[in-house]
Structures are given as structure tokens and as C-alpha cells.
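What follows is a single structure, and I will ask about it in a moment.
Read from first to last, the chains carry the letters A, B, C and D; within each, the first residue is number 1.
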Amino acid sequence: MKRVGVFLCWCGSNIAATVDVPALAEYAAKLPNVVYVEQNKYTCSEPGQEQIRKAIAEHRLNRVVVAACSPRMHETTFRRTLASASLNPYLLEMANVREHCSWVHQDRAEATAKARALVRRAVAKVQLARPLFQSSIPVNRRALVIGGGIAGIQAALDIADSGHKVVLVEREPTIGGRMAQLDKTFPTLDCSSCILTPKMVDAAQHENIQLWTYSEVEEVGGYVGNFQVKIRRRATSINASACTGCGACWEKCPAKTGNEFDLGLGQRKAIYVPFPQAVPNKPVIDRDLCIYFKTGRCRICQRFCTAGAVEFEQQDVVVEETFGAIVAATGFEQFDHAVYGEYGYGKHPDVITGLHLERLISASGPSDGKVKRPSNGAVPETVVFVQCVGSRDEAKGVSYCSRACCMYTAKHAIMLHEKIPGVSTFVFYIDVRAAGKGYEEFYARAQELGAQYVRGRVARVYQRGDKLVVMGEDTLLGAKVQVEADLVVLATAMTARHDAQSLARTLGISYDQNGFFTEAHPKLRPVETNTAGIFLAGACQGPKDIPDTVAQGTAAAAKVNNLFAKENLLAEPTVATVNEAWCSGCLWCKPTCPYRAIDSKTISQRQVGKILTRQVATVNAGLCQGCGACTVACRTGAMNLLGFSNEQILAEVDAICP
Amino acid sequence: MTAWLDALRDHVREFLSEPGVDVFIGYRAGRRGREVPAFLTRPEQASGLVLGPAASGALAKYVLEEAAGTTGRLGVLARGCEALSLQRLVRDLRVERERLHVVGVPCAGVADLAKLEASLGALEKVESCGERWLVTAGGNRHDVDPSQFMEERCRDCASPWPQQCNISFGQAVMSPASPDYSTVAALEALPADERYAFWIRQFERCLRCFACRQVCPACSCVECSLDLVDPPWLGREITVPAQAMFHYTRALHVAGRCVDCGQCQKVCPVGIPVALLNRKLARDIQELFDVQNPFVPGEIEPLGKFRAEDREEFM
Amino acid sequence: MATPAYKIDAGRLPAVLDDLARHRQVITRMDRDGVNVFARYTGDMPSLRGNGAVSAREHFLPRMEKIHGYQLAPGEVRLSPAGPVEPAVLFGARPCDLAALELLDRVLLEGEFLDTAYQARRAATVNMALACDSAGPGCFCRSVGVSPAGTAGSDVILYPSGQALLAVATTARGAELLESLGLPGAAKDEVDRAQDACEQLVVPVAVETGPVTARLGQRLDDPYWAEASRRCLGCGICTYICPTCYCFAVHDINRGSQGARVRCWDSCMFKDFLTMAGGHNPRPTRKERFRQRFLHKLQYYPEQYGSPLCVGCGRCLDKCPAGLDMAGVIMDLGGGQ
Amino acid sequence: MSVGEQSWKPTIVAFCCNWCSYAGADLAGTSRLQYPATVRIIRVPCSGRVNPQFIVRAFQRGADGVLVAGCHPGDCHYSTGNYYARRRFLLATRFLEYLGIEPGRLWVRWISGSEGHKFATVIKEMSAALERLGPNVKLREGAL
């Protein structure tokens, strides 16, 4: 038997001045199963709550309605009140007669009539309330960080420093990522390697971090606190513990190819470390290039390895590990600007990208830090920078701004002016976006040093003699501009990794139309995804510069640490639930779940002497966040939402209408 | 006449001789010129298979009962709409495709038997012959123009030829048409009150016999929400608003999943144009969500997915 | 003394219906979007050809009928009675539908339990039958003892004669009603001719129920039921269009603190018809439900009352989507070809 | 609630998502924005929770208008719920109209937690529109 107690709050005069609370009390007493009604000046006050506790005991109430303010304000308060009176906290329903009634209406009769409907609704709903219990999920306090760029390194270090184990997975032979390719960083012009390398070493040496380079995530199952992840550790063909990193092997190796790290500007061998500061500083064998793997003969490296570390027979190993949380920090790729044929990239060797220039400027780069024209090795006298190649161009590229290009172009201009006395630099831009600490000043410095900013797009780049002619327009002057340049540098857009969508599907997280992973909320949950326990850091979520990337790495780590601060996760019990007897197993509910909380399972049913084995939907209460989108996809109503059940909402509609 | 019929019977005979085969669902001759669903389990029964315009076209739904609690393979005879219906059941995970042996046959349209009887008298046999029908009725043979006596749903059938079959016999008789939405449009053009009056007049006749649901290949739920007393989605009361709720719910539940077989309307004993509800939703789904053919079962139903750039009318 | 006969010329029909409607509701057959339905006469011309898609029983056993209303007050439940039954004339029902009333009377009006609501409607309704001068494709009334000109259950019988209807009372209240209408008389030979035409009408379907009923007792686990019911779709068409089906279910319709107890049509073909609290269902599959319906019509009822619970209206022959109908089942079980 | 012809005011049943629209209505309250006492809110977690059957149910039980309100597309607390709601109600609004319900009876609006003003405005506009339409009789259950 339902025994409902209704507590009507005056909220001082906030409610009582507009709603006739005594009349409402009289009305409420006549509603079905209402056995007790009480008015309080302030129900949320300690005496008010005490009255509820007393009434629950004295009148054996098993359902409570509080007609007061918004449940967004005090639902938690009154749930605690119920709990302290040994009543399940979910047997409470609030009628919002303040924010939704007394504060927005003036006519006392109308407001009171509406308050009656609101109380009637609450009484009708609470009758169908069931005791609900928070479920608890044990947390495996071990994190997986995918991607060993600065975002992943930062996240891994911050998690590890909090005392939790981390596995840092990187698919390249070394960690470091994009930042390792850069020479200097804006706006302070400190050396990228100088600030990154110590962090790489820290990550490698941290007692809580396992560094798995040359490895990739293949499969992710499970859920927050308990992800089961399969990771492929590719065969490096080197016994890492035996290898001393002496370099004899790669010096002798006869197979050469363009070094990806230098974007093909320099060369590497089949057995190689991508760059001198690589971590781990042990080589791998590129089996597609290696002569031994292609022909079965060579083994020069093995012969020269005094440590006996070369192991051709190594095989890929797929390991399965359990993690409580995952940080995706897989970074970005450069926009394929081949679509801008008019800029002559690929045709003229002196048309390069910003990242190429980084390698040319870098002291450890293929030209030992001397900026030379790739075509003839001459020092360029005139350099043109073209901004927004791909960015902000819906027709040919992407609609968004890549955020970092304005500043790195300014950096490049500054560095060229410092390195090459008398150089002329021109920057073709659409807008200069310098919204960061010290950024505007940095941009001004580039101009002071002589960089000439031309507002407008470049129409064409063509060769004339050994010069490149850049045809553009100065939209501020409304005049055509023509510059004879030695070097043209394209600021290409940052795009999502070509395989980001496939990783998103593996992880069960969503991605936007550009392939960047989607955060749970653009403002309030910037590093969380909709899949509990999976977090984002860095440019895999959208274009970013280094400061933002590092901040996000730390933020993601904070979220992981937050999760790991608990031994068990308590999940809100207002989650979806399946009535298996009704479920047809069509699983049309499944695609509507943003949290991948719905799966299928097999049940056996006895029916008319036959055993029927069939599939039904099942909800992982730990993953479900209780949105209820699945309930509408379910035609039978087998999928229901606790706390907002079909029965309850129908009863609310029935009660609220007349 | 139907040259492929012997080949079909031979095939079914062989199929029924294979191990692990439970049943072949087809048609056999019934009384009064009817062709009724037949459940063949022995090879020798194959010679009784028939298929003419009198066959109702609602075989797919039988697969559910036949497949429950059994593990063998099920053969089903399928014309265009029956094949789509089977795809529907497969997409809704109500039967595994591997268990089905779908035998495609051409469709010459399904006959409106009541109409034939009304103009030609007691039926003895309805056969298709090329693009004509031969009807034996009242002791005489008539050569009739099918378009006069075809079920309404067959006249603008988009998929008379069965797709995704294991094997098929014969050649297409009817060519695919595009769905005719003119009746939907005509209703839309009415003032709201007249449209309401039209539907209420239809719903008033509703007996709630659930034939439209029982025959529907998209209505394959283990439990139908409309049967449940708790929660009371549809009250037990038989009133016009409740009948409206019934039809509204039924139509929305099949929205995006309807294969336009038209059986719901065909079986209605009181002539409610049920398919006119489905057609409206299908056309809107096609227009709103850019669905190529709203009647062909897809990987995910149009209401089970979205595009961020979907039409915005609710700002 | 011969019963007086009256003539209703086609042109006069609206005036007669208006006359009838003056003191009572007139239920007749109307065309609604091409479907023949029983409905209240409100001035539109009835459509008396053929037969109603649904039988006339719905006037006596409505799809939904209030038993009583209720109001919840703290500590008590106040009941309010259903409204009174309006006097009515049922105009143009076929002899089969009215013969069905006599079959229903035995169940609902005889014996210990009286269906008072049905009784009140029966008592308040004067039935003016319309004899058949043509048969529908599924008619088999003669096989179950009903004639196209039969008068069972009627108070007045109307014989079609050209465009006119000839009315002859078959009960005293029928006679009283006819007399009150001030209709012109009809010549005896015209009546005889019209009556004859109906009585001689050949109906297209013939079966024999006798041997079937005698043998059904031994055939409860006959494989026929399992095989035949395979093609049953499990809908309720047959039971809802049938003039002799009368199953119902009682529901409380709750609206907050008030509501009503109603009874609504129910069908033995539905899965939940016999599902009990706790989920047990004594007729768990279509086989049992299908068998039940036919055993009821062809064995249980005849055993108790001496005739099958069927009037041969042929609706199920026309409407069953699976071609599973009364005549067919009788023939399958050996009652004719 | 009809108190006689002259003073008839429509009844609006509003399904508001907890995170945006319900919060928006709360904000209208804390900002003391006045709007007609026609609306009665049912709190749901997300507009994706609103089953189109609830709408007809409200009309059956006497609502003159129904409002479904959720977060703006892209802002859903659950990221995608309102996208499903948008598809469902693009279809359901058209379908209700097809059944003869006047276009102005069912409103769907995106109202964020900061749009207290919009909430009040929507209720004012909807009340005025419904007053012009008059009481809803379509699909409405009569007395038992």
C-alpha cells in the first residue's frame, strides 16, 4: 500500500504570497494514497527536514512529495532527508511550485490552480517510484595513454606522478610526436627539443610508466574502470635490453629511404632511430625496406652489432591489458595541400610547408640548421608565407581555423630575419589571429623585424627563371601584388589523423565531421568523451598549439586521477533497464546510445514445452547515463528508464492535464 | 503459362529432401479460387505448390512462428514485397538470414478477390498469363485486365521483383513503379478539420482486431506495447481517441521500417486505409532525411540515426 | 387472420426512417467510405445492399459498454450507474444476424446468470429484418439452419420487391410498430412472390455440420488443429465480425480519482485472452486458441443447445486473411467438399 | 481548466529536458519573468526521452497544446539525445497535422539553461496562439 506524505513549503513568502498553500494542503489531502500533508515555512531548513523525518516514522510514509522550489535546487537535500529516515532516497518527488509557479505568476487563483496540477503530477509520479540503488563498479587504477606526443607525455607524467600506473602507447619507434620536429616554439622562442626532451626522458624513466613504442591499440572492450584493451606490439627486430644504441648498425645498413621525421628532406636507413634524441634510443628495423627481409640475405647490421641485439625472428605480440581509464592523445596530420595545384607544391621544390621549414631551420635537421633553397642550396633572399592553406576554405579544404599557423608563421618570419640578414619576408593572410598570452606582441615583433603582412589570398605561384613568382592580391589596397620569391612556405591546415575515425570506433567515442574526437560538452566537459572513462588530450580533439595541448594533457590526467581517487565508482541508479520478457532483441535501441551501454545477450526461455534461446538487449548500468533516448527507440517499451519510466511519465501526463 | 512453376516445384522438392530443412512456406490451392499459405515438410508435397494473383502475399510473418524453438532451415516463396518483408525480419534480428532459403518468383500483382467476385461471381481459379489474368468464375473463363482488379497497393509497387533471394525463377512480369503519393497529398491539401473528420470516420470503424499488426512484417515484437495493460500505452477503452492513439502508435512504430507491402490495409475488415498512414510517414522520411528508398530495409533505421545538419524547424 | 403487409416505396424510405427516428434511435446500415456499417440514422440514406462488414450484434453487445462509474474519496468508493438504454429500431439487418441473437439469447438470457445490459438492449430494440434476394460469395446460411427469408430474432421482416420493401410483422410489437407508421398496404401475391424469391434463393456455399459435431469430441489432439492453425495470423477479425461471438473483458478505466468499469469486446484468438496474473496461459499457442474457437462453435455449443454457434453469414469466408474460415474448417473436418 | 467561456485559458503540457529547458524555466523563475499560468512542466532527462505517444496522450487527457523543449542541437547534455528528438518530432509534428490536429498545437523548441527569457517568451507566444485556436477537442477523451 502506497502511503504518500506531501510537504508544502511556503518558502517564507516566496511561494505563500502567490499560492494559497493552505488551500493546496486541503486539496492534496484528497489525492489518491495521500495519508499525510504538512505545511512548512521552510521545508529545506533543518526543522523542516526534521518534520519530514518525523512524519515518515509516525505515519509510516513510504513515498514523499515536497512541493517547494526546483528539484535542481533541493532534490539532493531532500533525498538525503529520506535516506536519513531510512527511506530510499528515490522515493521522493518534488513539485516545483516556486520557480515554475509562484515566481512567474501573479494571479493567486491561477497560480494556486496550477500548483494543484503540479502537486497532482508529483503525487501521481511518486506512486510509481521504486527504490533505486546506486551500483558500484570497481576501478582498475591503471591508465592507458594512446599517443606519445606532448599531450600524451604530459598526461602520462601527471597520472604517473599521482602514483598510478600508466601504459603509454606510441605507434612510431619513438615518443615525442610533432613537437620533436619543431625547432623553436612561439611566443618565447625557446628550443622545442630543449623543453621536450627532458619530458620524454622523464616519461621513459618514470617508475609508473611503461613505454610501449612501435605499438598500436587494436581492440577496446569493457567500460569505465575495466577496459580490456588489446595492444599490438610490433616486432622491432631489436632486443631492446641488449641494445646499447651505439649506432654501428645504422651506419652500416645499406638500405636507404627518405626520413619521415625530416619529411623526406633527409635520409634514414632500414635499421634506424628516427632522430638522435629519440626515446627509447634503440633502433627498429623497417621490414619493408630491409634487404634481409626482402631477399633473405644481408644481415650486415647483425654482423656489426657487438651486443648481439638484432633479432630478425621477432614476431608481433598482441597483449591484452586491463585499464581503468584511457586517454586518447593521437594528435593531428597536415592537410594534404595537393589540392592547391596553383601553389605549385610538388612541382617547384622551393614551395615547402611550415613543417619543412622547421626541419630546415632546426640545428639537428638535414641542413644542420642552415636555411637553403631545396632547389639549389642557395640562401633565400625573399621568402613568401601563405597562410590558411586548407584552413578556413570550405571549398577546397576545411572550414575551421587551425589556430597555430598565424603564430608559427610569425615565428618563422622572426627566425628568418634573425638567421638571414637582409631577408625580405611577405606574409599573405586572411586575418591574423593572435589571441594568446604574448601572441599579439610576438606578431608585432615579426612586423618590426620587417615581415610585410599582405591581406589577401595568393592566386598562383609559378616559376620564372630560378625565382618563384607569387601572384596575389592586397585586399586592403585593392591592388594586385606580385612578389619574386626564393622560397614559398605554405601554412597548411591541421587535420585529424586519417585513421582517427577507425580509432574512434574502436574506442566507442564520437568524432565530428572533420574527424576530430568529440568532447562530452564543448564548454563544461572539454576533455571528457561521452564514453565514461575515456578522455581526450591535444590536437586529436581539434587544432591546438602547444600550451593548449599541454593544458589539456594535464586536464585529462586530472580527470583520470579524479576517477582513480575512488576505489569504486558509484553510478546513478536512474539508468535504462530492460524487461527481458518483452524485449524482442531487435536492438534498434543500440544505435541511439551515445555511451555504448547497450549490448545483446542470450537468454533461454521455456515456452510451451520448448526451450527458446533468443537475444535480448542488456544495459551496462555503469556506462548508461540515463538519457532515455533508447526508451523511445523501443517500440514495446521493454527498454525503460528508472526514475523516468514510461509508466511514470504516462501517469504524470494523465495527472497534469485536467 | 507459368513455365517456371515446374522448375520451382522441382527445386522445392530437392530442398525438402536436404537434411536440416524444416519447412517450405508457399501457397497451395484453396477453396473458392483462393490460394492459401501452405507449409510443406515432405518432398512429395512440392507438386501442390501454386502461385497466382489469388495468393495473398503475406508469407513472411509465418517465419516467426516457424523459426521459434527450431533450428532447421526454412524455405519461403517470395515475390517482391514478401522478399522485402523477410529482409525486414532479418534486419530486426527476428530470424537469422542463414536459416532462410528465399525462393524468388515473379509477381503479377495480387488480386482483389472481393472485387473479382463482385463482378464475375463465385471464383474457381485466378491465373496469370503474361500481362493478363485468366479468371474462372461462375463457370466461365474470363480474360481480365489486371489493373482493374489488382490490390491498390500493387498498382504503384516499387519492387515487384524479389531482391536478395537464394534463388529465383521466372522473369519479371510487372515493372517497378514509383510510389504514388497523390492520395497523401490530396489529404494534406484539405483543411485540418476536414482531415480530422476523415480520419475519425476511419478510426470509428476500427474494431481493434489487430489484423493490421498481425500481418505486418515490421510488427514483430515479442510483446506489443499495445497489448500491455501496464504501462497503459493504449487504454483498454474502445473510444475514438483511443483508436486514434492505436493507429498513430502503430504507424510511428513502423515508421522508417515499413516495407510498403500494404498488407495492413488489405486485411482490414472494415476498410481503414491504414497504408495511407504509412505512406505519409515514408514520404516525409524520404524528404526530411534524404532516404533513397524509404521501403528498403537499411542498416540503421532513419529514426535510429541523425545528421547534425538535419533540418532545423525548432529554433 | 392474415398478418397485414405494408409497402415502403423506395421514395418513401427516408420519410419512414424519419418517422421511426422520431421516438427512438434508428440503427441501420450506412455506407462509410465504401464500407457497410451499422450506424445511427441521422438523415443520410442507408445502404441496404449486401450485408454489414461487422454484424448487427454490436448494437446489442457494444464494443465498449459502461458497467458503472466510480469516484474515489478518502476512505470510500462511490459508484454511479451506467446510463439508461435508449429505445431503438434496428432496420435492415439480415436474417442471419438476427438469427444469431436467438443463439446469443440462450447463453446470455437463459439459466442462472442474466446479462442484464444485453437483456435491456434486446428489450428496447425492435428488429426489422431485411430478407435476402441475393447471396454474397461466402453465404452458407442454409447449411446451419438459417434461411435467407428467415424471421428468427426479428419483429418485422422486409422483403425486397423491385425498388420497394414489403414489410410483414413477425411479432406483436413489430405489428404495433408497423401499424403506427401509417404505411400503405401491400398485395398478398406481391408479398408471396417477394417472400418466395428470398426463400428460393440459392446460397453458394454448402456444408454439413452434423457429422463434424459428432466426431469433434474425439479429435481434441487431432493433428489437423496444429496443421491448420499454422496459417492463422492470430488476429481477431473472425471473432469481431462474427454475429455469434460474444466474448468480452472487463476493465477499470482510471482517471485520477474517478473512472468507470467497462466491458469491451475481447477475442479468444488473442494471446492475452486467457493469460492469467503470473503469466500462465492455458491456451499458450495459436493451435489451442484456434481449436477453441471452432470447438466452441461446432462442439460445445451444439452439445449444450443443439445447434452450431454459427449462422452462415459468410463474413469469415470473405475476411480471414489466411483463408481459414468456418465453412472451410467444417469441410476439412469432413462436412462436405 | 475552463472556468467559463470568457476566462478560458489554454492548458499547455511541457516536456522539458532537465539540463537545459527545465533549467531555463528555473531561470525564468529566479529572474521573476512573468508568463501565463498555462504551462505545466513534466521534467524529463532529455528531449530524446520524449515519446511521441506522450503527446497524443496529453491531447487525449485535455491538453490544448504540448511543448517539447530541449537543449539546442549540439549542446545536449548527453550529446545526441536532441538530435533523435529532432528527427522524431520533425516526423511527429507532420503526422499529427496529417491526422487533422492544427499545426499550432504541438511546439518543439530548443531552450538552453541560460534562456529564461526565451522560455517565458515561448510560453507567452504559445498561449496567445492557443487562445486564438481555442480549446482543443480533437483526440480528446469524453467523460467516462
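Points worth noting:
Keep this in mind: contacts are C-beta pairs under 8 Å (C-beta built on N, C-alpha and C of every residue); 3 or more make two chains touch, one makes a residue touch a chain.
Keep in mind the model is a prediction, meaning the values are calculated, not measured.
Identification of common neighbours of chain A and chain D yields B, C.
Across A-B and B-C, the chain pair carrying more C-beta contacts is B-C. In this assembly, the C-alpha centroid of chain A lies 47 Å from the C-alpha centroid of chain B. A straight line joining the Cα centres of chain B and chain C is 30 Å long.
Inter-chain centre distance (chain B to chain D, centres taken as mean C-alpha positions): 37 Å.
The mean-CA centres of chain A and chain C are about 69 angstrom from one another, to the nearest whole unit. For chain C, residues that reach two or more other chains under the stated contact definition are 253, 255, 262. The residues of chain B that reach two or more other chains are 233, 237, 239, 303-304, 308, listed in rising order. Residue numbers of chain A whose C-beta contacts span two or more other chains: 592, 607, 633, 646, 650, 654, 658. Taken as a graph of touching chains, this assembly is complete, with every chain in contact with every other.
Those residues of chain A lying in contact with chain D across their complex are 70-73, 96, 98-101, 103-107, 110-111, 113-114, 117-118, 121, 510, 518, 520-522, 530, 574, 592, 594, 625-629, 631-633, 641, 644, 646, 649-650, 652-654, 656-658. Listing the residues of chain C that touch chain B in their complex gives 32-35, 37, 53-54, 63-64, 137-138, 204-205, 227, 230-231, 233-237, 239-241, 249, 251, 253, 262, 264-265, 267, 270-272, 286, 315, 317-319, 321-324, 327-328, 331. If you check the complex, the residues on chain C that touch chain A are 72-74, 255-257, 284-285. The touching residues of chain D, counted against chain A in their complex, run 1, 9, 11, 13, 18, 22-23, 25-26, 28-30, 32-37, 40-46, 48-52, 54, 57-58, 61-63, 74-81, 84, 88, 120.
Residue ranges on chain D touching chain B, taken from their complex, read 52-53, 56-57, 59-60, 73-74, 80, 83-84, 86-103, 108-110, 138-142, 144.
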